[in-house]
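Scrolling down, you'll hit the structures one after another.
You will see two complexes here that share subunit A, one where it goes with subunit B and one where it goes with subunit C.
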Partner chain A sequence: MLAQLLPSLTDGLLLGFVYGVAAMGLSLIWGVMTVINLSHGPVIALGMFATYLLFTHLGVNPYLALVAVAAFGMLLGFLIYGVAVHRVLNAPHLSTLLATFAVNMIIIGVGTAVFTTSPHNIDFPLGSWEIGPLTLPATRLVATLGAVVITGALYLFLYFTRPGKAIRAVANNRQAAELMGIPSARILALSFGLGTMLAAVSGGLIATFFPFTILSGGPYELKSFVICVLGGLGNPLGALLGGLLLGGLEGLIPTFMPVSWVPVVEFGLFVLVLLVRPSGLLGAK
Partner chain B sequence: MKRKSLFLIFGLAVLGLVLALFTQPSPSAAAETKTVVIAFTASQTGKLNVEGMRQINGLNLWVEQVNAAGGVKLPDGAAVKVAAKFYDDESKKERVQELYTKLISADKADFLISPYSSGLADAAAVIAQQYNKIMITAGAASDSTYKKGYTLIYQSYTPASRYLTGAIDLLAKLDPKAKKVAIVYEKDKFSTDVVNALKAYAEGKGYQVVLFEGYEPGATDFAPFINKIPAGVDAVMGGGHFVDTTTFAKQLYEKKVQTKMIALLVAPPEPKFAELGEACISVIGSSQWEPLANYTPELAKAAGLEWYGLSVADFTSAYKKKFNEEPSYHSAGGYVAGLILQKAMEKAGSADTAKVKAAIDAMDLMTFYGRLKFDTSPKAHGLQVGHDMVYIQWQKDAQGKPVKQVVWPEAGKTASAFVCPVR
Partner chain C sequence: MQAWRQAGFWLPLMIVFLWGLAVLLIRQDTARETAFTLLMCVGLASSLNILLGYTGYVSFGHIVFFGLGGYTGFYFLSQHNWSLLASSLAGGVLSAGLAGLVGLAVLRLRGAYFALATIGINEAARAFVSNFEPFGGATGLFVNFSAYEQYGGAGPALWTAFTFLWVSTLAVLATSFLVKHSRFGLGLMAIREDEDAAMVMGVKAPQAKTIAYVISAFFPGIIGTLYFFKNGNVEPGDAFQLHMSIESLVMVMLGGQGTVLGPMVGAITYQGLRGYLLTSPIFKSLHLAVAGLILLLIVLFVPAGAVGWVRGRFPRWRRVLE
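Take a look at the complex of A and B:
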């Protein structure tokens, strides 16, 4: 049992880092503007395809391609915010929910027409590393490293730069921030752009080790909701912790029961946490 | 006035004659120009598109060859041309039933070919039987579809219950001391049927099935299953369809799983599987047909069977010429589905459903694809009982490139199987 537990838990935790990055975007957008972004999953899938296209058509190293994918994600975020979110931001939550759901359907529709729903794969093997009793695919280790770097960069941005501080100020109290001269409309757009950027980059990381279709973002979007609750709603850095918790669970559960029980336990936990601590385990900031 | 009326009557008579000439074809012309619509859905997109497209390529090649030869020749000298009609089912069951209804009602299909995969074919079979249309299934190995009391559904593949059992026999030959088998499979209709039969067969032969666990269709992360494979396992078997099985094989390699044999479903016989590079080497797959297969008129004669259709070499070269790729068993399955209808129409002398059905029921022949014979008992009507599997293994050629070799059964092998190297 122990022999199985160690590799299983390690695999789960490595994946948890990437889950964390995917969830950070969702958490940031919720934290700043209380919008449940239902276009999160398709944006993850677009990140996968952007990395794929850069790799297969232009021969760009998939990890270097993430820089371009991040810029693409940011611009896409500005576009989605300007077209679908900004006008309904002060309307009831259902309006933003429907607006982002419409964006979700548009991306999936256009994506299906362009890429079809056939699976794609980035064939960029890096071999495996053997560390003691563990055999770890290098792509997952690099993705983990990428996730740590991204989280660190997000932390530095939010806590040590003026726009980052402005985002936190708007998240804390938008009216007060506006009274202090912070241009909230621009900050909201920036937050949305950052959120979609994180989603697209996480998609790019996932694409280096799993095959994907335009519908592949869906399961990560669902996991992101669970992670946001575990890590604290509106707490983007807590999302990494939530991701690790979820990844750990995904590694732990198969050791004791069939793998098909993983979603049952995950979503059971999701409901339980919502009942006991509606703002998430680590609370909102 | 009277003269005017006479002219009018004469004019009308001439007009009538002209119209009759142009609108009423002669009986012989009607027989010569008859066209039957053969309809199907194709998984052009979605998770089954690799296997689905190969199947459609094979079928389209048959359509093209039949029409180029002037159509299916009936005993009375008439010919029946074939028109293919199809839609993309997106590899989705819900699309299949909607589209087959449309193909029958709106497109006036005469005969149906199944979509690829047991799940989709099972969904289409209900509609075919309901509308009294013969459907030849290709890429639909699951046994259960043919045990539902249908009378018009005919299977061209070897059933799932005999799909991987030969791998156990091969394992016994490869290493008589082997005892432990791990089975990880896709939880869909076809794969579940295959592994249930495999498990029973393995246990019957004295093997210990140390892991028997299924994954959801569409799974991409197999690490949780691979971590469960106990050390010292002699064989890893299972898989499902092309995409998941290819990913599973890749991750088995990345996680450096040590075992003597890896035998997986569907993906290994596909030429595209070679794109895995080193990860494909030593992987064994069960195949319905291979270009190396030795089905010949001589073999048919020795077995006391009628030989029908083109040779293995002719099929392979025609397919390569048209699609610029090696045909896989999915391609051969698509072609042979058409060939079954062709032979049945020829024998029945008609495209009438009841007569063609009687001809298929009585069919027992050998083609480039192997023997074809259908169960006609009410219990399993349409189940394939004549065709057998071959097993391939990916090995390296002289240049070190991956190459497929037939390794089982012993009689038809092109190379000997080897144990998985240390990874």
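Take a look at the complex of A and C:
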């Protein structure tokens, strides 16, 4: 039992870090403008494909490619915000949900036409490390390290830079922030860009160890919802803890019951937390 | 105000009635299949509209009632040899009952939290049914071919399923109108505009929302049973497709949320458009992107939908286009 539990749990936790980065983007966007970004999944998939294209066609090291992917994600976020979100920001929730879902359909539609739905993968093995009974693929460890660095950078950005403080101010009270001379439209666009950037980067990280298709973003988007609710909707740093929690559960559950029950527990827990504590287990921000 | 004296009550009903009658008289298989798909969309979109359009609550996982109701009905039909009428009603009643239970809890959430919870419920239900042995687990259930014999063989059984669907769609449209023009419906619309104010004015919001949820879940359960009966099998992937939920949302938005005619217009337009895009050589591979673009344009520029836009633009037509 323990011999099975330990590797499974470690595996889950390492994945949890990457889930956390994906969810952080969703949580940030929710926190700043109370928009649920339904185009999150396709952006994750685009991050995977951007890394893939840079690696296979230009021979760029996938981890170096992440820098370019991040810039691409940020620009894509500006575009989505400007075209689809800004106009309906103050309309009822249905409008932003449907507008971002329309973007989702457009990306999936174009992506399917360009990349088809056959699986791709990035063949960039880094070997693996053996620690006692555990065998850890190095790609997972690097991804975990990347996730920690990204979270740290996001924290420093939000708390110690002027644009970061402006984002927090707009999240707190948009009107008051505008009265203090903060250009809220630009800050909202920046937050949306940061959110999609995190999604694209997490996609790039996932692409280094799992094969993917243009539809692969969907499951990570659903996981991101669960994580956001666990970690507190609108609390980007809580998302990392939520990710670890979900990753841990995914590692833990298969030792007690068949793997196919994992989503039942995950989504059941998700609905339960929403009902009992809509602000999330760790509190909203 | 008696419903049968109003043009707005009869217009959608007459369209569906004459359409179904025409299909039954022509007795052509392709016409029936097309009409089946379209009427199913009309029924699903209209029942979603009772919650979404009147109450303003966005249910992203409404297809869960189609799936669970369909599964239940199909289970009784294929495993216990119930008749189609009894099993489809069983599917509807189970969906409605489930909505009542779930609604009491989930409808306390507002706005985006509710939308998220409905996605969670749909995914949890899909995952649960995939593991639930009486429902056949991941492989689903099949109908025994002999079950079709009481309807005179497989061919006539399809016509029976169509007739049932036709009647259910008529029932959805009539219910939609009656809800909209009742005191209860006015309460729902008050909730849509401002829930707190509605409660202050004496609308019992929790009950009203739950009843609306129950009504909007009942019909998808029936339609689900009929659909899976027609297909002859049911499996988790087919029954809980999140994108079908979203397509019904698009149909409601396209036609006009909160109107009786709108979801019908939206469903027929959307399916027509989809059929055109899927078969046209230029857009074949891009049909999803084009559909997304159209949705985006509607959300950004015509949020009231087609019927809503006409109603706003030509007030005189309001009596006819409910």
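Please note the rule applied: the second predicted complex is superposed on the first by the 285 of 285 C-alpha atoms of A that agree within 3 Å, B and C clash if a C-alpha of one lies under 4 Å from a C-alpha of the other, contacts with A are read in each partner's own complex, and residues count from 1 in each chain.
One rule holds in what follows: a contact is a pair of C-beta atoms (placed from the backbone, for glycine too) under 8 Å apart; a residue touches a chain by one contact, two chains touch by 3 or more.
Nothing here was measured: the structure is a model prediction, and the numbers come from that model.
Once chain A of one complex is fitted onto chain A of the other, the partner contacts of A:137 are limited to subunit B, with no touch recorded for subunit C. Once chain A of one complex is fitted onto chain A of the other, the partner contacts of A:73 are absent, as it touches neither subunit B nor subunit C. Between subunit B and subunit C, it is C that contacts the larger number of residues in subunit A.
Look at A:260: by the touch rule set out above, it reaches both subunit B and subunit C. Shared-chain residue A:204: touches no atom of subunit B or subunit C. With the contact threshold set out at the top, residues 112, 258, 260, 262 of subunit A are in contact with subunit B in one structure and with subunit C in the other. Those residues of subunit A that touch subunit B in the complex are listed here as 3-4, 7-8, 11-12, 15, 112, 116-119, 123, 125, 127-128, 130, 135, 137, 210-213, 216, 250-251, 254-255, 258-260, 262. Note for the complex: subunit B touches subunit A at residues 44-47, 49-50, 90-91, 187, 213-216, 220-221, 223-225, 227-228, 231, 243, 247, 251, 254-256, 275, 277.
Residues of subunit A touching subunit C in their complex: 30, 34, 36, 83-84, 87-88, 91-95, 97-99, 101-106, 108-110, 112-113, 222, 225-226, 229, 233, 258, 260-264, 266-268, 270-271, 274-275, 278.
Residues 52, 56, 58, 60, 105-106, 108-109, 111-113, 115-117, 119-121, 123-124, 126-128, 130-131, 138, 246, 249-250, 253, 257, 285-293, 295-296, 299-300, 303 of subunit C touch subunit A in their complex.
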